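The same subunit A turns up in both complexes below, where it pairs with subunit B and then with subunit C.
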Partner chain A sequence: MKSLQRSFKELLRYPSAVASLAIILVLLIVSAYTLIAIPYGEAIVLWRGGENIWYQSPKNAPPAWTNFFTSKKLVETMIFNTDDEDINKTYEVSEAGNQTVTFEFPIDYQFDTFPQELTLFTKGTFVEKAPFISIVLVTPDGREIRITDFAVQKTGTYRFSQDDRLARRVGNQFPHEAIFAQPGSDPLVPLKGEYVMKLSLVTFEADSDVDAELVVYGQVYGIAGTDHLRRDLKVALLWGIPVALAFGLLAALGTTITTMSISAIGTWYGGWVDELIQRITEVNLVLPLLPILIMVGTFYDRSIWTILGVTILFSIFGGGIKTYRAIFMQVKESPYIEAARAYGAGSGRIIFQYLVPRIIPMLIPQLVTLIPSYVFLEASLAVLGLGDPVLPTWGKVIQDAQSNGALYQGLYYWVLEPAVLLMLTGLAFAMLGFSLDRVFNPRLRGI
Partner chain B sequence: MTENNVVVDTRTEHKEGKLLTIENLQVWFELRRFGFGNAGYVKAVDGVNFDLHYGEAIAVVGESGCGKSSLMKTILGLNIPTRGEVTFDGTKISGMGTKGLKWYRSQVGYVQQDPFGALAPFMTVERILEEPLIINGVKSKTERLRRIHKTMEEVKMFPVDDFLNKFPHMLSGGQQQRVVIARAMIMEPKIIVADEPVSMLDASVRVEILKLMRGLQETHNLAMIFITHDLSTVRFFSERIFVMYAGKMVEKSPVDELLDDPRHPYTLALLAASPEPDAANAHTYKEVPPGEPPSLVTPPPGCRFHPRCPHVIKGLCDEKEPPEFLTGPEHYTACWLFQSEQA
Partner chain C sequence: MSAETQLAPPGAEAAPQKKSASSNALTRVAKYTAVRVFTLFITIVVGVYLTVLIANMGGFVDTIRKGEIRESVSARTMSDPVLRALPPDVRAARLEEMVRLEEERLGLNQPFMLRSFRYLANALTLNLGRAQNMTSDSGSRQVRLIILERLPATLVLFATADLILFFSSIFIALYLSRRYGSFLDKVIIALAPTSAAPGWFYGIFLIVIFAALLKVLPFGGMVGTPVPETTVGYILSLLEHMILPVTAILVSAIFISAYSWRTFFLIYSSEDYVEMAKAKGLTDRDIERRYVLRPTLPTIITSFTLLLIGLWTGAPIFETVFNWPGLGQALFKAVGLYDTPVIVGSTVIFAYLLAISVFLLDFIYALVDPRVKIGGSQGRPA
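Up next, the complex of A and B:
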């Protein structure tokens, strides 16, 4: 215990170790937060739920913080809903017994560009006669633009951009752009200010009402942006952290510990046991892991746990067997092992209490440097389309980006975000591994 | 002191008689060709006989590669004899089975040459001493600690608690060797096998360690097998001395008898080669037997020393292996030169 503490203190003398520990700590905190804030079930719904989960987000929108780096302020998504507290419906009953309902959506428009799209989602409550809605937009300079009027069905979607009549009214422009433009500008220049969207309803039945939701789709969204399916990339990027860490750690631990144990057993018993292990290793070393994993993914199962299992299975008899064997051969001949045999220690005890502890100091740095290689392996598989079909991971984000031409469309954020996270993880573990190596194997310090 | 006396009383039953008998012991290692196929044997120990009595200390002397380490490891139960038998207290160790062998190993303590290498670097002194107890089924931690304390006091490491949590690299060479001796003693063995126990130590600590071992031997009536090539410590240490050459015992004798009246030509050469601290010797040239020790795979026929022997008898020494001739009180020499004396 004391020696561990001392090693840790020594480790903190290396700035790279401190930096890597900080990165790993942040990754751990964020993954703990993710697992609590977006539990597995919710994450799956958010990532694979379908249009009715994602309808409120814009398509292919970069993250909102890109506004800090551009001179033009891009439109951020705004959502108005009659359920919101600050939206008040006023009810008036006319002489004919009809009821008029009016409500307003105040749009504070302070952007230098136009929204991607405007959509009004409506939900009518009625028995026979559908209520009738008319929409007017009041611009900051006092103009009133009549948008449309229609009978509200049980559910309805009105897309501003697809209204041809509105397009004609605003001078054959894209309606969702023209209504926010300075009159007469060509090309269109946005008019900043307070817009008010006035919606008035006429209902023909006693309990008839309409709930409405207006979504102004921005050009930027959230802290991570969205993809081609309007999905919030935040979900995949956040969930990618625990998945990557768990995969890397489990694979590294699983392979290192079993490899070391097998190597120790082979070296200790020698003879045909050692021969067998060495021959299996030599055969296994020439087998390519990636094609085998692709085969397993294509023909059997793409679950991350299957892939993890196969990865561990094929990595056990890897180069590590040979490296550890070289060390064990040396330790095996130590006088203290001979002494242990002389006082009656059994083979099992000698292997696990006398041989193995000797190489733990060499093992820990190797294990830590091995973690990112498995994280990258998982990402590579996902990029090749063999990622886990359910779990959101970094590799899958990159694959989506690639298959939807993200770079061709200039959507750099889509590729860069997961790539940066991957590199950060790799960097952190690699730096930690190198520092640990220097602490545990002081001969390397000069290098 | 009173406590020590109690220990002595409970442990030493000054038994007489044979404790360990070695009969015609052969330890051969097979040489392989291309990983399989026999390419001969390394005859490390080739026909060794001797008895070891309770409480007796013997020294096995010989140059490097003469088979003394293989002999020692066979006595420890680490090598399996090719032929011959090791009998401990009336029981043959080849017929002991796994459990019996474990018990036998607890009865034989092992003190190694290099004290630092003999101690696992990642274990504390407490753990090092605890291991043999755990392995031999001492379940209770308090009992284990009691025995560790007792043994540590016997090897004179005071105060015991200051040492228990130390790692071997924190101890001096002498302290390390004391821990090695404590580990050998902790199972209260009947025999201690010591492989050049002081050759890696500073001259200043050698005497102390030797005195300590001699003291332990006397208090516990331990039999001791002392393997060395340093003849200067032999007289201090042991009652009998065996000279080994190329896998065979060439001379067996009480220490004083052998040092005063060495018989075998090899023993003579060995004694002549040991340095005497005298300034006058700076310019003297010592005669050493010509040639190298023979190959243990194909040893010379007859007496193994004959190619290097200055007194070789043609037609006898190079053809027939010499039996052991009695050349003095309890003094046996395997050399044809003493054929007549026998008769």
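Up next, the complex of A and C:
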């Protein structure tokens, strides 16, 4: 215990080790937060839920913070809902028994570009006669643009960009752009200021009403942006952390422990056992791991646990066996092993109580250095389209981006965000492994 | 600094037995090679058999194939006017009979153990029949042609990258071991952990920078379109397309190999015989070549073998990212099309490539390490 403490203190002398420990700590905290804030079930719904979950976000929108780095402010997504507290409906009853309901959506438009799209989702409550809505947009310079009017059905979707009559009225331009533009500008220049969208409806029944939601689809969204299906990348990026850490840690632990045990057994018994292990290692060396994993993923099961199991299975007889064997060969001849034999210790006891603990110092750096390679392996499989079918992971985000030509379209954030997270995780463990190697293997310390 | 010039002077440790060593070096290497070829062949057979077993485990592949046979046979029955005219029960019986014959023709009625050995023989000779969905660029459906057609592309890319990687790593490692503790040395040590990320990963970054933002190099592919007509134009276009992939491989591996090889050099240069050589007044160049590089080479080759295996294994994703029309991409496409024969064939040929790389490096190992003897321990340090 004391020596462990000493090693830890020594580790802290390396700045790279401190930095990597800090990164790992942050990753652990964020993954704990993710698991609590977005539980598994909710994450799956958010990632696979379908259009109903994502309809409020824009398509292929970079994260909102990109606005800090450009002089041109891109439109941010704005959502107005009649359920919001600051949207007040005023009711007026006319003599004929009809009711007029009016409400306003104040749009504070301070951007240098136009929104991707404007959509009004409506929900009418009525028995027989549908209420009638008319929409007018008041611009900052006082113009009133008549948008449209229609009878509100039980559910309805009105897309501004697809209204041909509105397009003609604003001079054959894209309506969702032209209504926010300075009059007469060509190409269109946005007019900044306070817009008010006035909605007024006439209802013909006593309890008839309309709930409306206006979504101004921006060109940027949230802290992570969205993909081609309007999904918030934040979910996948956050969930990618625990998945990557779990896969990397479990695979590295599973492989090193089994490899070491098998190597210890082989060295201890020697003879045909050792010979067999050596031969299996050689066969395993020419087995291409990634193609075999691809085969397993295609033919059987893509679940992350299956892939994890197969990965461990094929890494057991990896290059590590030879390294451990060389060390065990030396340790086997040490006097304390002879003493153990003399007092009659069994083979099992000698292997697991005397041989194995001896190389744990060498094992720890090895283990930590292995973690990134498995993290990247999982990402590689996901990029090849063999990721876990339900879990959102970093690799799958990269794959979506690749298959939708993100780089050709200039949607760099889509690839770079998961890539940077992968890099950060990989680097943190690799740097820690290097520092540990120096602490635990004094032969390297001088060099 | 080619390997041949390194091989000419006898190794530092073998120096005393200079004359006898040179006379039987050839037989030693030949014998060693023969034994290695044999063991590697056995290894490949076992490896390919495992591949076949995995691909067929639980009879999944057989089920797929049987389903396909039934589908194609019934499609044929439906389009045949003579058969269509038959009464339904006769037609159904006829269909069953045709399916049975077809399954028998493809050997699907034999027990699995028997079939697995036939699959093994077929896989070893790449005699994998016809692809289910893929075609080669020349339009053939032969799995062997699809695979062999793509082999040169993979070989060109990876051989170039591996050679550059090996020699530049040795060069940098030697340079660093001479200037150990210098600024550059520290930079390389600091950069070594970046090799945790595989080549395709850096490939994405390189594509973003050089293809998407700067627009100076192509996004991917092997030659430009239209394909240049002259040989020179073709080679130039090929070279241009190779810059990014080769750089990606280099970036992903050069720092770790330069760092670890430099460490090997430093360990070997602290040996007593190096001090002795210094005391004798030999030039630095001589010391480096004869007393440091030579004994370190076997260790370096072992480390390079493991590195190479990692690079080969990553080919499917690497080639996919760079849209390189090689074997790896064929495997990726086959996965997408669920084309079993091509998947098995590509996996087998990757096993071959790994075995050949291991063999070549073993061969070089035998050339540079005079201790390698036949039988008993192979004298191969871990």
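Just so we're on the same page, the second predicted complex is superposed on the first by the 447 of 447 C-alpha atoms of A that agree within 3 Å, B and C clash if a C-alpha of one lies under 4 Å from a C-alpha of the other, contacts with A are read in each partner's own complex, and residues count from 1 in each chain.
By definition in this document, a residue touches a chain if its C-beta (ideal position, glycine included) is under 8 Å from a C-beta of that chain, and two chains touch if they have at least 3 such contacts.
Here the structure is a predicted model, which means the values were calculated and not measured.
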| item | value |
| --- | --- |
| Superposition on subunit A - do subunit B and subunit C clash or fit | fit |
| Partner chain(s) touched by A:Arg325 [first = subunit B, second = subunit C, both, neither] | second |
| Touching partner for A:Arg341 - first (subunit B), second (subunit C), both, neither | first |
| Partner chain in contact with A:Asp149 - subunit B first, subunit C second, else both or neither | neither |
| Subunit B versus subunit C as contact partner of A:Arg349, first or second or both or neither | first |
| Contact breadth on subunit A, by residue count: subunit C or subunit B | C |
| Subunit B versus subunit C as contact partner of A:Glu92, first or second or both or neither | neither |
| Touched partner set for A:Arg358, first subunit B, second subunit C, both or neither | first |
| Where subunit B and subunit C come nearest after superposition, their Cα distance in Å | 6 |
| Shared subunit A surface residues [contacts with subunit B and with subunit C] | none |
| Touch list for subunit A against partner subunit C, complex | 16, 279, 282-283, 285-292, 294-300, 319, 322-323, 325-326, 369, 372-373, 376, 379-380, 383-386, 398, 402, 407-408, 410, 412, 415-416, 419, 422-423, 426-427, 429-431, 433-434, 443-444, 447 |
| Subunit A partner contacts - residues on subunit B that touch it in the complex | 73, 76-78, 101-102, 105-106, 108, 110, 112-114, 117-122, 131-132, 135-136, 180, 183, 187 |
| Residue ranges of subunit C in contact with subunit A within the complex | 39-40, 43-44, 46-47, 50-51, 54-55, 57-58, 60-61, 180, 190, 192-198, 200-201, 204-205, 207-208, 211-212, 219, 263, 266-267, 306, 309, 312-317, 320-321, 331-332, 335-336, 338, 340, 343-344, 346-347, 350-351, 354-355, 358, 381-382 |
| Residues of subunit A that touch subunit B when the two form their complex | 334-336, 338-346, 349, 353-354, 357-358, 360 |
